[in-house]
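Structures given as structure tokens follow.
What follows is subunit A paired twice: with subunit B in the first complex and subunit C in the second.
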Partner chain A sequence: MIRLEPRETAPVWLSLSAPLTAVLAALLLCALLIMWTGASALEAYGLLFKGALGSRFAITETLTRATPMILTGLAAAIAFRAKLWNIGGEGQFYAGALAATWLGAGAITLPPYLMVPFLIGAGALAGGLLLLIPAILKNRLKVDEVVTTLLLNFIVLLFVNYLLEGPLKDPMSMGWPQAAPIIDEGVLPAILSKSRVHLGLVIAVVAAVLVWALMRFTVWGYEIRAVGYNAAAAGFAGIGVNKTIILTALLSGGLAGIAGVSEVAGTKGYLTLDLSPGFGYAGIAVAMLAALHPLAVVASAVFLSAIFVGADSMSRALNVPTYISDVIVATSVLAVLVSGMFTRFRLRFR
Partner chain B sequence: MDGTDILVSAALTIITAATPLAFAALGELVVEKSGVLNLGVEGMMVVGAVMAFATGVTTESAVLAIIVGALSGAAVGGLFGFLVLVLLSNQVATGLALTIFGLGLSALVGHGFVGITFAGVPSLYIPYLSDIPIIGEILFGQDVMVYMSVAAAIGISWFLKKTRAGLILRAVGENHDAAHAIGYPVIRVRFLAVLFGGAMAGLGGAYLSLVYTPLWVENMTAGRGWIALALVVFAAWRPGRAFFGAYLFGGITIIQLHVQGVGWAVPSQLLSMLPYLVTIIVLVVISRDSGRQRLSAPASLGKIFYAAS
Partner chain C sequence: MTAILKLVNISKRFGSLTANDAISLSLEEGEILALLGENGAGKTTLMNILFGHYTADEGHVEVFGKPLPPGQPDAALAAGIGMVHQHFSLADNLSVLENIMLGTESLWAWRQDTAFATGRIKQLSRDFGLTVDPMAQVSTLTVGERQRVEILKALYRDARILILDEPTAVLTPQESESLFETLRSLVDRGMSIIFISHKLNEIVSVSDRVMVIRRGKVVAEQPIRGADRASLAEAMVGHTVHAPKGDVLAPGDVVFQLQNVSAGAADGGQPLVDVDLAIHQHEIVGIAGVSGNGQQTLADLISGLCRPGSGSMTLFGNKLAHYNPDVMVKSGVGRIPEDRNRVGVIGEMTVQENLISEKRRRLPFSKFGFMNAKVIEDHAARQIDAFDVRCQGPHAETRLLSGGNVQKLILARVLDAEPSLLLADQPSRGLDVGAVAYVHEKILDARARGCGVLLISEDLEELMALSDRIVVIYHGRLSQPVNPEDITARDIGLMMSGQSEAA
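Our next item is the complex of A and B:
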């Protein structure tokens, strides 16, 4: 008979090795799935690794793709810390991209050193305000934010679709549903020559450090963690729970909104309906894989991005559908959740 | 087509739009009544959809397809139950992860089935009764899954209210410590509920890919699992109201399509928002009576059960 016994604290080696072991186990499980599709698992993983990290080009592509995932990952991590279950990252991403397009495609012209921060601020505001609606509904009426944030994704996406077919459609786009490009002053400059890596990566990493510092050293961070740990107790201790939820929502939605700005003004240049291949949802996986730790989010986003980028090139070479990357990611997340048990409980054999 | 014909065809399409929601919502209702919050409904639905479709296309047997749809939904449910009940992982996080997992796995499995159509599930015309004008075809000319969903609504209602097992399930959901103390097997009851909920979500997905469209498209559930979750809250955890709610939302989906067909000057994307917007608005409206809301929710919903002794 095996019994679970709660632990007070977990040793450091365990809290580090448990998630790594979990990811390895997930990769092994997915190897079976790859073999099921008829390919050699070893060859597939080899190609995946080469496609993600095997050349300068591959590495820069992985970093480019990781950029928005760091930001949406931070968005999910900070919200989940407060037990504000924001799964509307995708909608907030598009809200940010939309704000950047609305203001940055010619409506306002400022010198670059003002234009870029202005667009980022506008995107953050748009994302934050979008999450404010579910947060207020949660505070005031106890409406479950899981459902409202998720459903808002569909609403925002349909709205963007409408705008791209109508009012925002670029007359120069030859009929494609896309918006006018962001003006040169607002474009996030490339930071590595001959690559797509742009300023967004720096912004994302700085954001991760800032979020970590906020959570670790400030009263706000303390309050966010306290509300997440036990909202009732936090309330008794004099923390404004509703105020903290609102603050968390603005930060979380804002980060996802910045991800949208970074993609539209950094990677792509103009808004389309396929600007995000699910960056908002991927952020949830990123955050969970990082156990909601802001600095680990960076590593986790790069890892998941490597899987996505690597799987793209692997599936071109072998006849394995690219969707294998989604399965690898989800299996890794599940495995890490399971591994959390080993850090929270001790196994007793009797 | 005259007026009654249009009404009949509208009623028929509402039924097809409502049935997947009814299955998923009723299943989730039983799960939540046992005290488990399963946010993986969407994932279970989409896995049910792809497995049922793949089975249907390869075996050409609708019956087998429906069974496989239910079983594969239950399998994902079993995975969820194992993670949440045995390994005590967080229910919200695990449910979300399982939805991502289900969407990825279904896209992988369904990769080879895109663009194929399925002959569909044959309708059962009940002799004589289905010949009644107007209501005959609506009430007695449906496919077998529609009748299954009606039977499920009645059966679940009866099970929860009238049977001893239903009472135990509710007791486990209201207060798992007390239920454990009098000797009820909390984990086993919840595990069975989760398996059932998974099978129902799988059936809902199977209905989508076998009858509603009938073809396989990646992410074809399009948030229906989440609407089903909202329906359970809307129904105040009562099976009859969940069933009614599914028809209400099916109706909204269909009206929205019909309005698009009539050619009003409203952009189609804005009309397509309607089901999602209405779900949020309904959640807001019913939550205004938050005191009653809290009373009808199972008291142990979403809490981790850990038997200390």
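Our next item is the complex of A and C:
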């Protein structure tokens, strides 16, 4: 019989190696699936690796794709720390992108060194305010935020759809549902020549460091963690639980909003309905894979992005469906969650 | 007389901890064997092995001369062993009848034979004086009645050996006495009982034989006749224990006062109805009562978790403008909550983080919103030392601490602020004798310093020993205060069950 016994402390080597082992195990499991399609698993993973990291172009593409995922991953990580289950990263992403389009496509013109921070601030505000609605409903009426944040995604997406077909439609777009491009002053400049990597990546990494510092060194971080771990005890100690939830919502929604700004003003240049292939939802997987640690979110986002980018070229070459990337991501997240259990418990065989 | 139950050389280890170390025990027909020991001594582990919840690493169990297969609660039930746990295992939304029948019938039976079961339950109730209505829903029963249902459940399954784990922890003195009568009538009819407790009084009054366990080992075993309480206590703890006693002190100014206060409970519990209460400096006011009679609301009021609906509440002579935990802490109220693990500390956070939870926003612990790690760590190291909190250090996760050490941590946090009013809600519940003495000593120190103390407890002995005045709470109302020297525990028990007004 096997029993689980809680560990008093987990050794450092275990805490570090467990998630890596888990990802390896996930790749092994998915190898079976690849073999099932008739392809060679080794070849498939080789192509995946090459497609994601095998050339300068591949690496820059992976980093470009990782940029919004770092930000939505941070959004999920900080909210989940406070046990505010924000599933609405996708909606907040579009809220941020919408704010950037509304203000940045010609409505206001500032010099670039002001315009870029201005758009980022506006996008963060839009994302934050959007998440404020579920947060207030949760505080006042105990409405489950999983439901409200999830459903708000569809409301925002349909609203963006309406705007792109109507008021915001670019007259120069030859009938395509897309908004006017962000003016040059507001565009996030490329930081590597001959690539799509832009300032958004720097912003995302700085944001990760700031979130880490916030959680670790400040009273706010202390209060967010306390509320997440045990709201009853936090309230007893005099921490304003509702206030903390509001603060967390503003931060989390704001980060997802910045992701939207980064995509619209950095990667694509204009707003469309397919601006995000699910960056908001991917952020949840990123955060879970990183065990909600803000710095690990960066690595986790790059890893997942590499899988997505690499799977594209793999599937082109081997005719393995691209869905395999979703399966690898999902299996990795599950495996990492299970490995988290091994760091907290010890198996006893008898 | 023959032994109907034998445990032979039972050993059980959890990691590096030896919970049971070669314990042998035999139970004879028609006797009550008391198992005495502190929390964590290994009593419950031993009984869980007997009942098949755990498997022993070494040793075996024999019932009626036959070996009992290890690790199978089914086999223990079939062999006639019944267990009444400290925390009842009843379904609140089912009737007494349904609870008792649960698990006794085949899953494939077409219909329940309720008529037969009702008859049998009524018969058992009559035979053993266990009055309870089989049709009543369990959620409507008192704690004493629920315990009777648990005993009936065991009897219904033809238990010949009954194990009771800390059965009196939740009962009033009257209910305990009626339980003891039931137990005696059970053994008169040939039942055998193992009675687990750490209360010496009841062991002496109910059992035939006592076995003392300390740190997983049997340290004494003797007939109760001729047993000396002091020596039993010493055997249990391993050294002599001096119960701390407060000096006689004249009460000073009023520190806290409620006048005609009514207050609704935050979570739908028993509200307070038209309550008057005053606590003075140098005074411990004890609140006695069966749990659920409004103690929680009273504690929430002082903790700042709820506000008075009507009437006036004054703290150090001032009426409060805001009611929240922060205001209370800043005004000089120390609060030891009832549920120390769920409300008192945050288990996933470190000891040092929990020690500053109430003053995280104050200098020198934080400045401009940034925590000062060095100050927090040094502060924790000093507090751990001063209050003898046994842990790996300031960075240890709090959930790894034992109950007694969590309570010391809370005491350290609360008393460091030198409060002028102290709420101590069930401060010694579930702690071992040594830790209880420590908690009492600290409360008495606070009183000597001039602090007014409100002590809420379900342990009458504790209330009688510490309180300067005792007030009984019943259905949200408070009795007139009584002097513990002028009243017996029995009389307080009557007031607790609403059967008499102030003595």
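Simple rule for what comes next: the second predicted complex is superposed on the first by the 350 of 350 C-alpha atoms of A that agree within 3 Å, B and C clash if a C-alpha of one lies under 4 Å from a C-alpha of the other, contacts with A are read in each partner's own complex, and residues count from 1 in each chain.
In this section, a contact is a pair of C-beta atoms (placed from the backbone, for glycine too) under 8 Å apart; a residue touches a chain by one contact, two chains touch by 3 or more.
The structure displayed is predicted, hence computed values, not measured ones.
Undergrad: Please tell me which partner, subunit B or subunit C, touches more residues of subunit A.
TA: Looking at subunit B versus subunit C, the one contacting more residues of subunit A is B.
Undergrad: Once chain A of both complexes is superposed, is A:110 in touch with subunit B (first), subunit C (second), both, or neither?
TA: It touches nothing on subunit B or subunit C.
Undergrad: For A:10, select first, second, both or neither according to whether it touches subunit B, subunit C, the two together, or no partner.
TA: So A:10 meets neither subunit B nor subunit C here.
Undergrad: Tell me the contact category for A:225 with respect to subunit B and subunit C: first, second, both or neither.
TA: A:225 sits against subunit C, while subunit B stays out of touch.
Undergrad: Scan A:125 for contacts with subunit B and subunit C and give back first, second, both or neither.
TA: So A:125 meets neither subunit B nor subunit C here.
Undergrad: Going by the contact rule set out at the top, does A:152 touch subunit B (first), subunit C (second), both, or neither?
TA: So A:152 only meets subunit B here.
Undergrad: Once chain A of both complexes is superposed, is A:273 in touch with subunit B (first), subunit C (second), both, or neither?
TA: Touch status of A:273: no partner.
Undergrad: Identify the partner contact of A:217: answer first if only subunit B is touched, second if only subunit C is, both if each is, neither if none is.
TA: Touch partner of A:217: subunit C, not subunit B.
Undergrad: Subunit A residues touched by both subunit B and subunit C?
TA: Common interface on subunit A, subunit B vs subunit C: nothing in common.
Undergrad: Which stretch or stretches of subunit A touch subunit B in the complex?
TA: Per the stated touch rule, the residues are 4, 6, 33, 37, 80, 85, 87, 137, 141-144, 146-148, 150-155, 158-159, 161-162, 165-166, 281, 284-285, 288, 321, 323-327, 329-331, 333-334, 337-338, 340-341, 344-345.
Undergrad: Mind pulling up the subunit C residues that touch subunit A in the complex?
TA: 14-15, 55, 303-305, 324-326, 328-329, 335, 337, 342-349, 353, 357-358, 360-361, 366, 369-371, 373, 392, 400
Undergrad: Show me the residue ranges of subunit B that touch subunit A in the complex, using the header's touch definition.
TA: Answer in residue numbers: 39, 83, 87-90, 92-94, 96-98, 100-101, 103-105, 107-108, 111, 218, 222-223, 226-227, 229-230, 233, 267, 269-270, 272-273, 276-277, 279-280, 283-284, 287-288, 290, 293-294, 306.
Undergrad: What does subunit A use to touch subunit C in their complex?
TA: 5, 8-9, 217-220, 222-223, 225-226, 229-230, 232-239, 350
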